[in-house]
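Both of the next two complexes hold chain A, though its partner changes from chain B to chain C.
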Partner chain A sequence: MQNEQDQILNDVTTGEYKYGFYTDIEQDTIGRGLSEDVIRQISQIKKEPEFMLEFRLRAYRHWLTMKMPEWAHLNIPAIDYQDLTYYSAPRQKARLNSLDEVDPELLDTFNKLGIPLEEQKQLSGVAVDAVMDSVSVKTTFRENLAELGIIFCSFSDAVKEYPDLVRKYMGSVVPYTDNYFAALNSAVFSDGSFCYIPKGVRCPMELSTYFRINAANSGQFERTLIVAEDNSYVSYMEGCTAPMRDENQLHAAIVEIIAMESAEVKYATVQNWYPGNKEGKGGIYNFVTKRGICKGDNSKISWTQVETGSAITWKYPSCILKGNNTTGEFYSVAVTNNHQQADTGTKMIHIGKNSKSIIVSKGISSGVSNNSYRGLVKVLRGADNARNFSQCDSLLLGDKCGAHTFPYIESGNQTAIIEHEATTSRIGEDQIFYCNQRGINTEDAIGLIVNGYAKEVLNKLPMEFAVEAQKLLQISLEGSVG
Partner chain B sequence: MLVIKDLKVSIDGLEILKGIDLEVKAGEVHAIMGPNGSGKSTLASILAGRDIFNVDSGSVTFNGEDLLEKSPEERAKDGLFLGFQYPIEIPGVSMVNFLKTAINEMRKHRGQQPLSASEFLKKMREKKDLVEIDSSLTSRSVNEGFSGGEKKKNEIFQMAMLEPKLAILDETDSGLDIDALKVVAKGVNNLKSPDNATIVITHYQRLLDYIIPDYVHVLYKGRIVRSGGKELALMLEEKGYDWVRNEEVKL
Partner chain C sequence: MNTITKATTLKDHFLNLFRENAGVISANSAPFLNRFREDAIARVEQAGFPVKGSEDYRYADIESVFRNDLHHIFGPRNIDLNVREIFHCDVPDLETSLLLLVNGRYYGNGKQLNKFPDGIIAGSLARASVEYPEIVRKHYNSYAGKSKDGLVSLNTAFAQDGIFIYVPEGVKADKPLQIVNIMISDNDLMAQHRNLFIAEKGAEVKIVICDHSLSAHRFLTNSVNEVYTGEDALINLTRIQNEHNGASQITHSYSHQEARSNLTASTISLHGGFIRNNVFVTLNGEHAENHSLGLYLSDKGQYIDNFVFIDHASPNCFSNQLYKGVLDDFASGSFNGRILVRRDAQKTNAFQSNNNILLTDDAKMYSRPQLEIYADDVKCSHGSTMGQLDDNALFYLRSRGIEYKEARLLLMFAFAHEVIQNIKVEALRDRIDDLVNKRLRGELSRCNNCAMQCG
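Showing the complex of A and B:
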């Protein structure tokens, strides 16, 4: 009985990674290693204004004084930061017709990933910024959005075209002193997306960034900055994949969100970086700092994440609820399989009165993986009537994986109400047999059961993502049960 | 339809079924009765393909094919349905999604196109009426938070949706009040046709007041010790299982 279940689990958890191909394209690369010179080179290639270079150098100097964080429930092998490449950009062939033209090879790459960039094929209702390695390849619907006053462009373009906005908000939510990886990112970040929604505008389409790591030995360090002015609304999605390689690659990103009065920002991530092979070789180290601030009263920030990829994930999308009557939400499904490790969760910092937060975290562990939820709910003294509800569920597939929950609660206000619920369950042989008896094979049964378990979170994803995410959950666990 | 020959089954070296012979033909309703621990549920499980048991000898054919070498889902697709004694909860999976997946798997097996959403919902409405199940049950997750009676009714509803050739109802009556029992029985009777067959496994005679069996078999200590018509059930009710025990002693 036990053997059969193990066999089943073993089979479902050995599915293949679908996006592991590599695009053979010429790259402009800065040699390995990190120094002030390298940072100056990056800034120069990107033709940045002086303030950017200064910001980078300050961050770098601060980074040198810091140490890798060790508190996470992760086993991170030593990383030689001098052995990494910090800038790598696909070289575009001579542009023939228009400035907008993109190298066909790059278009091909994104087509394969299901992200068509050609005008005729663009996904309706979704504007995409496609980022490969260190640069943004193309941003679709930019002009249409501009008509509404919405700025949606690559971070590099924003630095040049909207330096005042960038200068005002960059680092205001995640300062470079925040943590080791935030400092590193601030020193060497290459591209990412910038999004600005003016007062009273409801962004009519989903905005999204698709990140692709392609080059070998290179790290990807992107920044995303979203500013939503009073009474505005935007829904943002992020997707990511990488080729299969034997060596580990580093991805250290920063996302900052600023929501002004009565603004609402929804941020959804489907993270599918290469997780490494079945023996745990290769895969992306995903060390990401994501944080939003509900700056104005009545504003709302919602994080939804489906984490299926990466060898190691270290990520805590957080909300600072500064305004009164603000709302922070965090919905997460994290799947770990084979040798993957994830330490992920959120921080909800209640500052404003009547601020509310909801945390729903669903961990699914399989293989010999380790999956941890780590979350902080902090209520400051002035946050009268703050309210938090947290629900952390863990689902185990097999008997060699681990699920861990590390909730931290700090309440400085007696009127605050904080609730935490947690469950741990194992996918049952009974459930699988029940499905089998109704004609559903074991692999599909696991898919059904896991999707049912994660439904609360998947329901929060934009339609365009939900179907994709459901399939992804199933693929990630393929072979777990068979 | 179903032919069981000299079936011997054990678990962890303990012999549970000690040579079962049984034949079920299309259009028939068989009742298998017996005291606790006689092997009734084991027989149901082994037919559905639960592989925690060892088949030591004997054979089972279903529509002429060897049943025992098929996987549980293949048996289901061939038209074998098990009504569970303890139906399983699957949180977050809607009945609609669950049944749609199941039905379309079976249709695929038969070379048919999947049902469209509207065809499926229409079918669901028809079958709901047929088995008189509360419509709110089908809008919830599979068995999640259902009462014991609701779970059993839901088994009958699934049976109606899946239209099996052979339905095995494993103690579907246990733990039911009389009203729920009637609903279950009515469902079974309404679904009866000359093309399908039902095996009702039960401890008590009372279900057989509502489902009239063509044959009654008494299973005792892993053997069918008596077979007969519906009058056998009444005799059992009257004399109790002690009668069977005493009979066995005489043998």
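Showing the complex of A and C:
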């Protein structure tokens, strides 16, 4: 049976990345390199107001004083920031009003990715903002949402149309001084999504952003800002893919969420950037800062992520539980295969009274990959009755991979209750034998077990994503058991 | 004496201190120990002092404990007190062979090294390196020498003496060896000593270390223990830290375990202003078993930091970490436990548990239980909790007529006892139970061993 399992493992690890195509589309790019001039140029191309340029330059100057952090359990080759292209956009001749005017090549790309960009796919009930390289290509359902007062548009549009809102909230959760990549993103970010849910509005459909890196040697730096006013609700999804290339590409994004009183925001990510080939060549460096703040009482932010792609993943979607009775949730499945590396987890910062957080992290590593959970639970002095429960499990498939757990637990309140538990194991031969015995072949058995293992998290995903995520898990993993 | 001025960094201060005193340090130690000094000081120069915020010393402010103007004694010891008179061990039924360490030097009343009838050798490390060079050479600095921690190198550069214990093959020590480590001085003092414990194949020994301070000065100890547990050997090591709160203690313990060996190391931290215990264990042979246990009871401004690193370098080994603490007033504490399972260390069983009770909102606890695993056929788990006493349990006790305060104490004592019950020396276990009980009631004066009674 061991041999058979090894065979299946082999078959699976030779599986190809199916989103690896490249779209030959006319691109507007600016030259490689990073300087104040490049930033001015980006700002100019995007016709931004003065405050944005100032924000970018402040961030850039701050970035220059910073050093790349080294604490992560990752082996990151040196990144030459002067060798990257910081702006690349599908060439647009005029402003688009309907889908017919979108470049057919581009539509084709998104069709291949299976993204419901066409408005006739109303039944799917998902509003999509598609971002290719540096700019947002098309936002669907914008008008329908506007009727409810919901703003859902690209970040550049928001800067022009709602400068007051952008100015008020941008950088309020992740300031440009936050970390190295947040500073870099703040200086050069090109586009992203902006979402504003007014008071008392329950967003009737899932909002979705689809990110695609297409151009070579370019970095993608997008920024998402979600503001949920009192008593509002929104569920947001994010997906990502990139072509297969030999060189590494950098993706450094920022996501900020602000939840006011009794608001609820759900943010789901299925991250499937190109992970590099079997020898670990190429792939995306996914260095993302995601953070939400439960500003008002009784608010709730929930992060769900399925991380299967990227050569290196380095991100910690976090919640600042500032209001009283607030809730933060983090559900994660991180899968690494071949030479992939992941150092991911969350931060739950309890400030308000009766704040609650739950962390469920499921790591799956195979091949020669390394998968780390790193998470902080911090309870400040005033956070009476704060409650946290963390469960971090690791599944090892094969004897050459690594699974690591690095929790940081800091308590400063006597009434706080914090629990953390973690286990590391592999799929037992007895479990496989049990399935075999009942006529389920080894490959299916492993799929079954892995899916069962990840179910707790997958259940938290919106319907549309859950199906995709389950398939992804199967592609990334089925059979890869030792 | 040397004082640290603001113009020089801590590192420069100690580099200068070494350059100025290298001759005296060497003259008052042993030639073998002197061999390592130059290399060690170069490593200090390279590594520097741990910085607060770095991964390994995230919460421990090492620089702050060095900030005081501390004196050093490198020359001949000039203690003419009768230490045995002012210090009496308060473990009543414990019959031990007593080894005294005063300000980091062995105090043997003229006899530097004891050889017991069963072949056990115990006494001064410096003396042992002269009399038994082949034993010391094999183990000294073999385990701690690989450390990248500047403080370990600092110890290697400065340490002049310490305790040496050697248990020959197959010998089972009939009574525990007790090391009483005393700091006593007329001024603020820093001392660095080095202990080396060796249990050869099949040997068994119980060692107790008691840390005390006998005068009300600021003390800083930076000590290194190297422990070698040979094949089938069994070592039981218990350390009771009970210095006054003006004293700071940094201990490093490097244990090397061969196949089928068994090492249980317990650290009970009662008093002491700043305590940092680094524990490194290498399981170097199959079926080795390690238990690292810790209990810390802190109040006022105490800071107690336990850093444990278990390296599963061989298959089929077992390790268990259990650290529990109660923090009162504005005390703070940190636990950092790491289990490393190397690539081929299959069939490893490793467990780690850290439980804390915070009694006030001013107390702070940081816990980092970590797993780093590179083998797939392993059973590893860890858990960490922070909380308070269980209301239901309190209610249960009170409903049976036990008053609130007493019920609380009972629960805290039960919480602590889980660690204490693992101590194998019965008389000592009872005594520690008693000490912990007193400590929790606030009755244990940190000065009750001290003749000076300065309060």
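Everything below uses one rule, namely that the second predicted complex is superposed on the first by the 454 of 482 C-alpha atoms of A that agree within 3 Å, B and C clash if a C-alpha of one lies under 4 Å from a C-alpha of the other, contacts with A are read in each partner's own complex, and residues count from 1 in each chain.
Everything that follows uses one rule, which is that a residue touches a chain if its C-beta (ideal position, glycine included) is under 8 Å from a C-beta of that chain, and two chains touch if they have at least 3 such contacts.
Remember, predicted model here, so these are calculated numbers, not experimental data.
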Which superposed partner A:L53 touches (first chain B, second chain C, both, neither): neither
Chain B versus chain C as contact partner of A:I76, first or second or both or neither: neither
Which superposed partner A:T423 touches (first chain B, second chain C, both, neither): second
Partner chain(s) touched by A:L84 [first = chain B, second = chain C, both, neither]: neither
First, second, both or neither for A:G402, with chain B first and chain C second: second
Residue contacts with chain A in the superposition, chain B compared against chain C: C
Partner chain(s) touched by A:M68 [first = chain B, second = chain C, both, neither]: neither
Contact footprint of chain B on chain A as seen in their complex: 1, 4, 428, 430-431, 433-442, 444, 448-449, 451-456
Chain A-touching residues of chain C, taken from the complex the two chains share: 55, 343, 346, 356, 358-388
In the complex, chain A residues that touch chain C: 71, 73, 379, 381, 394, 396-426, 482
Footprint of chain A on chain B - complex, ascending: 48-52, 71-73, 75-77, 81-82, 84, 87-93, 97-99, 101-102, 105-106, 109, 141, 158, 162
